[in-house]
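Two complexes, one shared chain (chain A), two partners (chain B, chain C).
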Partner chain A sequence: MSATVAVGRARHVNVWSVIARTFLYSFLICLGVVVIYPLIWMALSGFKDNAQIFGDPFALPVHWAWNNYVQAWNQGVRGYVTVSVLVTVASAICTVLISAWTAFGLTRTKMPAKPLVVAIVLGGLMLSPTVAIIPLVKMLQALGLYNTYWALIILYTAFRVPFTTFLIRAYMLDLPGDLDEAATMDGASEGQIFWRITLPLCRPIIISCVILHVLFAWNEYLFAMIFTSGSDVQTLPVGLTSIMATHGTNYAVVFAAMTISALPIVIVFFAAQRYFIRGLSEGIGK
Partner chain B sequence: MADLTLRQIRKSYGSVDILHGIDLDIKSGEFIVFVGPSGCGKSTLLRSIAGLEEITSGDLCIDDEVVNDVPPSKRGIAMVFQSYALYPHMTVYENMAFGMRIAKVSKAEIDKRVRQAAEILQLTKYLDRLPKAMSGGQRQRVAIGRAIVRNPKVFLFDEPLSNLDAALRVATRIEIAKLKESMPNTTMIYVTHDQVEAMTLADRIVVLKDGHIEQVGTPMDLYKKPGNLFVAQFIGSPAMNIVPARIETAGEVTAISHIGANKVTVPLATPASANGTEISLGVRPEDLFIAAGADYLFEGTVDYVEQLGEVQLVYVDIGQADLPLVTKLPGNVEVKRSATVRLNANPGDLHIFGTDGCSVLQPQSAHGQTGPRL
Partner chain C sequence: MVHGAARPQRQKSLRARFGNLLSFRWAAIALILIGWFVYYPIVDNFVVSTTDQDIYTGEVTNVGLANYDRLLHDPIVLVALWNNCLYAIISVVFQVFGAFLLAALIEDLRSERWRRFWRAVYFVPSAISITVTGLLFYFIYQPQIGLLDAALSRLGLGQLVQPWLGNEHTAIYAIIAMSQWQGFGYSTLLFAIAIQKIPRDLYDAATMDGAGAFRRLWSITFPLTREMTGLMIIVTITGAFQVFNEVMVMTAGGPNNSSQVLGTWLYQKAFIEDNFGYGAAIAAVIFVLTMLTGAAQLWYTKRRRVQL
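Right, the complex of A and B next:
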């Protein structure tokens, strides 16, 4: 009798478990469709002509017009991509190295008034870029950096260092101090400990920070619009608005340009996804 | 080969004093074990010797050279950490070679030394493995190997066995003892809170408490002639029984009485002024035996028996509140719970401690007292 009751209860639990799982999967699939479908639609529209975009917006392209992509690439996107790559890579390297070195100092060294220094560095998180624009414009003009790659590299680095330091510092706090001491006993200097012990062990969080920075720098619009005016130093977000202005009526080329601009970031994210999640969620294994 | 001399070593963190003027001489080739309860300062003392902690005051000399301001890597010291502290992203080979690579030793020499150490520690087939792919015991051997390749004058071990299970701890302890035998000229300093490790490995044991040295001596010295109540109870397992007592007749031999039974005569000389003085009588559980005749030291009822096979621990209530007398009897002796037993010990195995906790047997204590203070 009791065995029958137990089996019935187990079935009851199983039914609810299946229903809950079905709802969860349905929800996640819907969420995925909402996020992914517009991107696919945009990429597919890049292969259509205006008539098909407006006449049958949700259908597959009748003719796969690669020419739209070639046209977008040749009419400015190539230059914008180059600038974006340059600015993003340079600022990512600067940001991560400065932040890692700062985090190392804040976690591994005996410096006086360390809590105050931590507060000052992390206090940068609260600084809004918008309110600093006018002094920044004046300053960069005075330095002769206005309308150069350096303006964006410096600004992206400066405004991302607090957040990146915050992430790397949290990770470094979990690294066992014994490793530093063992390296000290082995005769390593602080610089050698940083480069040869701490930095390699921080690889997951460094990769996460690089991805986060790439996402930021690749899509950043405000600084790029204000601090660059020549088309030869403009990044993709600003360049795309120029393309929209130029090819305002040729939506297929605009969609092709948008797809090209989104592609690198999608590739980078999927390639490093494993490290990204690990870096943000996991400490070091003993 | 290196002699170590510690003179009035003090270490404070702000207003908190951790080490209160440690004086110690360690001879070249000695195996010294620092032992004591948690928070006694043993690890701090070891780290101060390593140079990982700055000494607040005092002098630390290696071979008569004051090394207070010498960086850790220049002291000729290697350290094995409690957590192994292996670099997780480096292979066993790279872990062992790291220090030499920093010191820019030639590749051929690095290779020779690493393979030599790996051979001694039976790590040759694991040289290409990452630490995470090794067991606790193997990691500990890598940590020792990393220390060996540097040819240190002084080896420091900071509780190296505490992360291992009981069986592996015994095996690794024996390996460390053999390692010491194979390096007779290397001075080794070993920190542990495990008195079995201390007793089995040490040439001399340094017992620490609250940042002071309580006693320094060979394992058997500490066991047979504990300098004070703390050492008496810390060394030996189960701990020495301490019973409040009084000196009835002082003289060439001392007659004492205590709660629970008879007056007993102990072969110790005490001054006449000690008559009537309250003291503590100490006797080790393994020194007690069932009294055969009417002559006995303690009488009480058996409170509890722990049968361990070869021996049994018998807890006897002799009227001491909350503190039964523990005796270690052979496992084949039949002892029933609630039975009345009479226990005796040889007078030579008894210890008397004065009101300040210092042993009458060992009037010269670590704190500098010059005679018994009863």
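Right, the complex of A and C next:
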């Protein structure tokens, strides 16, 4: 905006510009407080005792009761974290591999009826889990997968393959094809080209896809709630509501459990922000 | 290159043809998974919706369209539908237009460090599980320990203090407000990415011509992100008709069904009252609504000549 400071009306513009800027920054800061303060309050409340929680909500903890966090961890959260990590990692690997295979088939091979396959895979983007939930319950019960990790791993994969394929395919379409043409000349098979050439070239988008999937799987609630009932197969989001039900009166432990389950994903986001944003911009830019 | 396979190859030998068919193996797992767990349940849902299932005896009776007839006379379905519409309207205002303005403000900042900082700060709630944010706001809205009522009394607005989730008139708005808090950073980030793709020299030229910040917003940023805005409106409305998690965690549809949405009413009917047939009929309504918005999205992207 400094460029607008035309010589003749420099002072006039400056005054207004300063006022506008002050307003802008105050607005951004207020909004930032509204966004972040509840989260800080959650983490701090985890350090309070019940008397303090029922006291002034804006006060800082008097005694920092780390014990609440230890208690939350030992009374369930550890188990939920284990299940969440397992389901998230397994479904991330399956989703990204299957999507990369599909995207490779759609961009690099002579597969017939490609537009149809694309339509089928990407059509899955429009179908929501809510609509499929009742038949899925019947189906997974019949398959004996009800209340197992597999139910979640399979469903997270099936419902995320369309989106992930969409991202990887878009990236592969932009990759130059001469490397794999040269490899074909040298007698490399499609499989070799995929593992040795295309997949390594797709590394950036693969990382983005993994992060987007981790964000989804770590936080997913509907499937996790309906398909698991034993506490040994429940993921964090569902486990939290169980903790709420059993420790409902001991608020501090619930706050501690919430903070523990939010923390890893916030750290992942900040550590991998670059890849995350790339994934999003690939997703909307195409 | 995409359509390489479609090129006419008259002298294609049988072997080459077989080789091409073999390429299906790359997509096979995806097609099986999606067909089995995504497409088939949708079809099956319509079958289930025409039946009445006794969960104790496992007996299934065909009842034709009786479940749909019941749906038309269910007052809670209307409440739920209205709540979904409220969700859609309020989310479009905040998460599309609000987020657009915020993204434009942020991208107008001069320092890239600060731009990145604000984008990240506002995004944080979107990274957190809806169970956590739902529970968090359940506590925030609580009269005894919550932040909101404490803040209101402190600001001298004591007459507004109330159990936000326990009041039939405020419950759904309290939930929607939480949802805006959680979601606006995500759409702001998407708009910021779209705004970054606008060539800088357009702004420089406009500035040279004496266009102020508002003028640049209205004549450059808005028109050049209009497609993104259109897409976001459709996506937001689709999401609003599928909403489930936050309502489930915060009120489970209560008090007195005042905050039911279609998703939670489906859950209540199918899984609490064990009426799969009626639940499937509600699911069919959600399906039709999301198909309409999905068709709108397809039409919109096609018009942009985006390849699908």
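Heads up, the rule we're going with is that the second predicted complex is superposed on the first by the 242 of 286 C-alpha atoms of A that agree within 3 Å, B and C clash if a C-alpha of one lies under 4 Å from a C-alpha of the other, contacts with A are read in each partner's own complex, and residues count from 1 in each chain.
Here, a residue touches a chain if its C-beta (ideal position, glycine included) is under 8 Å from a C-beta of that chain, and two chains touch if they have at least 3 such contacts.
What you see is a predicted model; the values in this text were computed from it and never measured.
Within the superposed three-chain model, A:Phe223 lies out of touch with both chain B and chain C [touch as defined at top]. In the superposition on chain A, A:Met139 makes contact with chain C only, not with chain B.
Touch criterion met: A:Leu31 reaches chain C, while chain B stays clear of it.
After overlaying the two complexes on the shared chain, residue contacts for A:Glu181 are found with chain B alone; chain C is out of touch. Contact with chain B, but none with chain C, is seen for A:Gln192 once the two complexes are overlaid on the shared chain.
Shared-chain residue A:Tyr69: touches no atom of chain B or chain C. With both structures placed on the common chain, the touch criterion links A:Leu201 to chain B but leaves chain C unconnected. More residues of chain A are touched by C (comparison of chain B with chain C). In the superposition on the C-alpha atoms of chain A, the part of chain A touched by chain B in one complex and by chain C in the other spans residues 284-286. Considering their complex, residues 1-6, 19-21, 23-27, 29-31, 33-42, 44-45, 48, 102, 105-106, 108, 110, 118, 120-125, 127-132, 135-137, 139-140, 144-147, 150, 181, 185, 189-190, 193-194, 197, 204, 207-208, 210, 212-213, 228, 231, 242, 244-245, 248-249, 263, 266, 270-271, 276, 279-280, 283-284, 286-287, 290-291, 294, 297, 306-308 of chain C touch chain A.
Against chain C, in their complex, chain A makes its touches with residues 1, 3-4, 6, 20, 24, 27-28, 31-32, 34-39, 41-42, 45, 53-54, 56-58, 98-99, 101-102, 104-107, 109-112, 114, 117-122, 124, 126-128, 130-136, 138-139, 154-155, 157-159, 161-162, 165, 173, 177, 190, 215, 218-219, 221-222, 225-226, 236-238, 240-241, 244, 251, 254-255, 258, 261-262, 265-266, 268-270, 273, 277, 280-281, 284-286. Taken in their complex, chain A has these residues touching chain B: 176, 178-179, 181-188, 192, 196-197, 200-201, 203, 284-286. Chain B contributes residues 50, 52, 71-74, 77-79, 81-83, 85-89, 98-99, 102-103, 132, 146, 150 to its touches with chain A in the complex.
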